[in-house]
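In the two complexes below, chain A is the common chain; its partner is chain B in one and chain C in the other.
Here is the complex of A and B:
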């Protein structure tokens, strides 16, 4: 879908992206990284707004810079509030549909469809200045979808949305991905990206620090022991037999109901844990991989790349 | 606070029709820009009030047409007094007023344009400042340029928005008044007599549209705060006039160089308009004996200098606007 080849972008002396090579495949990909990592620069390059300083970027096999054919296949939902506040939501979506080159008849139907899709039908006639943050996000998503793009690029689409709104937008994006729309989504809210997709592209200081399936990336970090969290009433009773297990490299009891097990081979621990628990007659409330979350991975990788 | 309704993901039907590749995005930007500006009550009021000037113009044209019918009567003498006081043209010795119809109309329209320039100043200061500054402030450029909209199309669209409003307060009222004048004065014969004036009104109107649009857009592209643009626009229009006035007052007569007048937008526009209206030539041909008229209308005309200055303003302004839009859209601040 998007090919980056030795791609660099700098703004004067500031590096936005630094010699990045990757291929972002079809489906939904989460673009994560701290502020200033280069996420928006990558999106700017993909949407043809920025010219690479070096290297090249191809979207659906074609350059996106100054290429209307590619731009018409991309739906872009930028960060911030790029609105003309006196326009109604419907007029805003319609205006951008016209800019995309949609005919009157096609536009009329498509605008109503995307407004309904994003749950904005009841508010589409009101001026945007009266919208809440969540409504603004929805109407931005609507304008990105109106011309039927094959690729949806979403820059921080959850910012400002309430929990229900976040859940619904997430549901909408998953559904769009299921229906064949390719999505590149950036977010600071890592667990939301994690809830949407396992495919991630992690950037820090303009470089890719991880790319691929979340679990594969975690497994690839051999030098960092995996952590398994066990929630139970008497963590010390489980810690004692675990201390004797060869491949357990660390045990941490936090509070009165949590035990953190560190191991380079989590599969072995998962295999042995049920026996140990049964032998000790313990009641366990939860067993989870504590550091396979995107957040933990993000912490490891950004520490490594710093 | 009202919340949005639930999303309907199952309703998604990807639109897969053909997009129009002919670039008409500029037209979309123009129409939306005009619609947005007209949502402001003050802008609507400004555009509406200029119709008062057009109405006044029509009334004077009617009075002039009346004069042609009542020359030599008591009523005619009253109208002649009015013409002398208002237009500063003394035609008391003329028996066939219709022969001087064109010059009278030209003098009248020149006066009206001077009045309308005040509306241009206000309308442009209301409509123009936010056009690009707002997009810079809200980082809206990506939303344009992620569509098949080029910076050139964008600038062109915004330029035409300002030009359209200037046309609404100069060009449209003048052409409307002229058509009304032709209709009330005598139809085809008057049309033939004043056709040249129509073209001159069109050209001078376009000149004002182009220059004011270009300059306010350049100022709008330089900052993200539209208030600075308003101040800048007023400064560009008024400062040279005030400064020249102060110099003329404080220095001995004839010792000021008048160079501030040379860079003044208003002075240059009026100089070119005077030249377009051919006031000197008309004066010499008509032999109308009025010193006041000569003094007010026949100041030394230097169209080449004025045209050069205005062209310079426009070219520089457009280059600045284009450069700012392109560089900002490609800068880190924009992404």
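Here is the complex of A and C:
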């Protein structure tokens, strides 16, 4: 879907992207990284807003820069508040639908459909300048969807949305992905992306630090022990027998109800844990892989690439 | 054609609803205000020459040579710049239009609005200068007996849009060249179009003001007598009998081609945004 080949982008002495080679496949991919990592640069290059300093980028096999054929297959939801503030939400979406070359009948139906999909029907007649942050995000998503793109590029679409809005937008993106729309979604809030997709492209300081399925990326980090969190009332009673287990490389008790187990082979520990818990007669409230989360993974990877 | 027509209509609408349009109207109405002021103090001028100058000095030197370029500075510098600043250019350049098309369509739409406003201002100026006067008796036995103000108005109504088209193209180009387009446009306007174009140098041939002056004087030959200039200098300044329509359109084509090239090969994003 998107091919990056030795792609670099710099702004004077500041590096936006640094010699990146990757292929972003079909489906939904989360583009994650801290602020300034190069996410918007990558999206700018994919949508033909920016020119590569070196290397090349292809979307559906073609250059996107000044290429209406490719651009008409992309729906782009930019970051921030780029609006003609005097327009109403409906006028905004309708104008951009016209700019996509949609016929009058197709446009009329599509505009109302996407306004409804994004939950903006009640507010579509109002001027954008009176919109809340969350409404602005929704109307930006609506304009990105209105021409029925094959690829949606969403730059921080959850920023400013309230929890209900985040949930609804997340639900919308998942259902679009289920319908076959390819999505590249960026966020610096990792759990937002984690809740949507396991396919991630993680970047930091303009470099790709991980790419692929979230769990396989984690498995590939052999040199980093996995962490398992057990929530129970008497963590010290479980820590004692665990210290004798061969594969356990570290134990950390935090607070009065949490035990963190470090191990390079979590499968073995998961196998032995129930026996130990039963033997000690403990009541366990939760066992979870503490570092399978995107947040933890990002911490490891950026530490390694630094 | 759909996206082009949509952007054309949208640009016209946006040009008419922004605050800039009020500034434009204010600038273009200045000659009318001046003429009304003069008429308030001098209500019954009986000299043909005074009337003739009251008409052509504001129209030629004030409206066409100073105010129209000024209005084009205001609109040309922001033609694409306003959308870059507001980052709304992102939407236009990710739709089914080439980047150069976006520029040209916005240029044409803005030029249409400005040309209409300038022509309305000229009609206003015509009536403020001559309305309600018994012109026939004043000019009948003077050296201005052949003066046809309606014909002159027609010439201005054709040349003013030409001035808009030319100046807007130049200032749109400047708007893309430099990050502070307004300052550079004003400097260009003063040095090139107001000073250089009036100097007895060959270089003035390359100024739009000179070419417009030649075109206007070709249509209204008596205009060359607006100021008491030596005959040889007058001929140099006005090139009587000639029209510079081709030169003006040439300037427009070159400026627009360069501007189109610039938007095609250059990124149109504020640096702070593109760096995330």
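Note that the second predicted complex is superposed on the first by the 306 of 306 C-alpha atoms of A that agree within 3 Å, B and C clash if a C-alpha of one lies under 4 Å from a C-alpha of the other, contacts with A are read in each partner's own complex, and residues count from 1 in each chain.
Note that contacts are C-beta pairs under 8 Å (C-beta built on N, C-alpha and C of every residue); 3 or more make two chains touch, one makes a residue touch a chain.
Note that the coordinates shown come from a computational prediction; the quantities given were computed from them, not determined experimentally.
Aligning the two structures on chain A places chain B and chain C in clashing positions.
Residue contacts after overlaying the shared chain place A:37 against chain C, while chain B stays out of touching range. In the overlay built on the shared chain, the residue A:84 is in contact with chain B and with chain C. Once chain A of one complex is fitted onto chain A of the other, the partner contacts of A:168 are limited to chain B, with no touch recorded for chain C.
Applying the stated contact rule after C-alpha superposition, one finds that A:120 touches chain B and leaves chain C untouched. Which of chain B and chain C touches more residues of chain A: that partner is B. Once chain A of one complex is fitted onto chain A of the other, the partner contacts of A:96 extend to both chain B and chain C. When the two complexes are overlaid on their common chain A, residue A:187 makes contact with neither chain B nor chain C.
Contacts of A:263 after superposition on the shared chain: neither chain B nor chain C is touched. The clash between chain B and chain C in the superposition falls on 217-225, which is one of the stretches 1-9, 181-189 or 217-225.
Touching of chain A by both chain B and chain C, each in its own complex, is seen for residues 11, 14, 16, 40-41, 44, 47-51, 66, 68, 71-72, 74, 76, 78-80, 82-84, 86, 95-96, 98-103, 143.
The touching residues of chain A, counted against chain C in their complex, run 11, 14, 16, 35-41, 44, 47-51, 66, 68, 71-72, 74, 76, 78-80, 82-84, 86, 95-96, 98-103, 143. If you check the complex, the residues on chain B that touch chain A are 1-17, 19-25, 28-29, 32, 35-36, 39-40, 134-135, 138-150, 329-332, 334-335. Those residues of chain A lying in contact with chain B across their complex are 11, 14, 16, 40-41, 43-44, 47-51, 66, 68, 71-72, 74, 76, 78-84, 86-87, 91, 95-96, 98-103, 106, 109-110, 113, 116-123, 132, 134-135, 138, 143, 145-148, 153, 162, 164-165, 168-169, 171-172, 174-176, 179-181.
Against chain A, in their complex, chain C makes its touches with residues 2-3, 5-7, 10, 14, 17, 86-88, 90-99, 264-265, 267-269, 271, 273-276.
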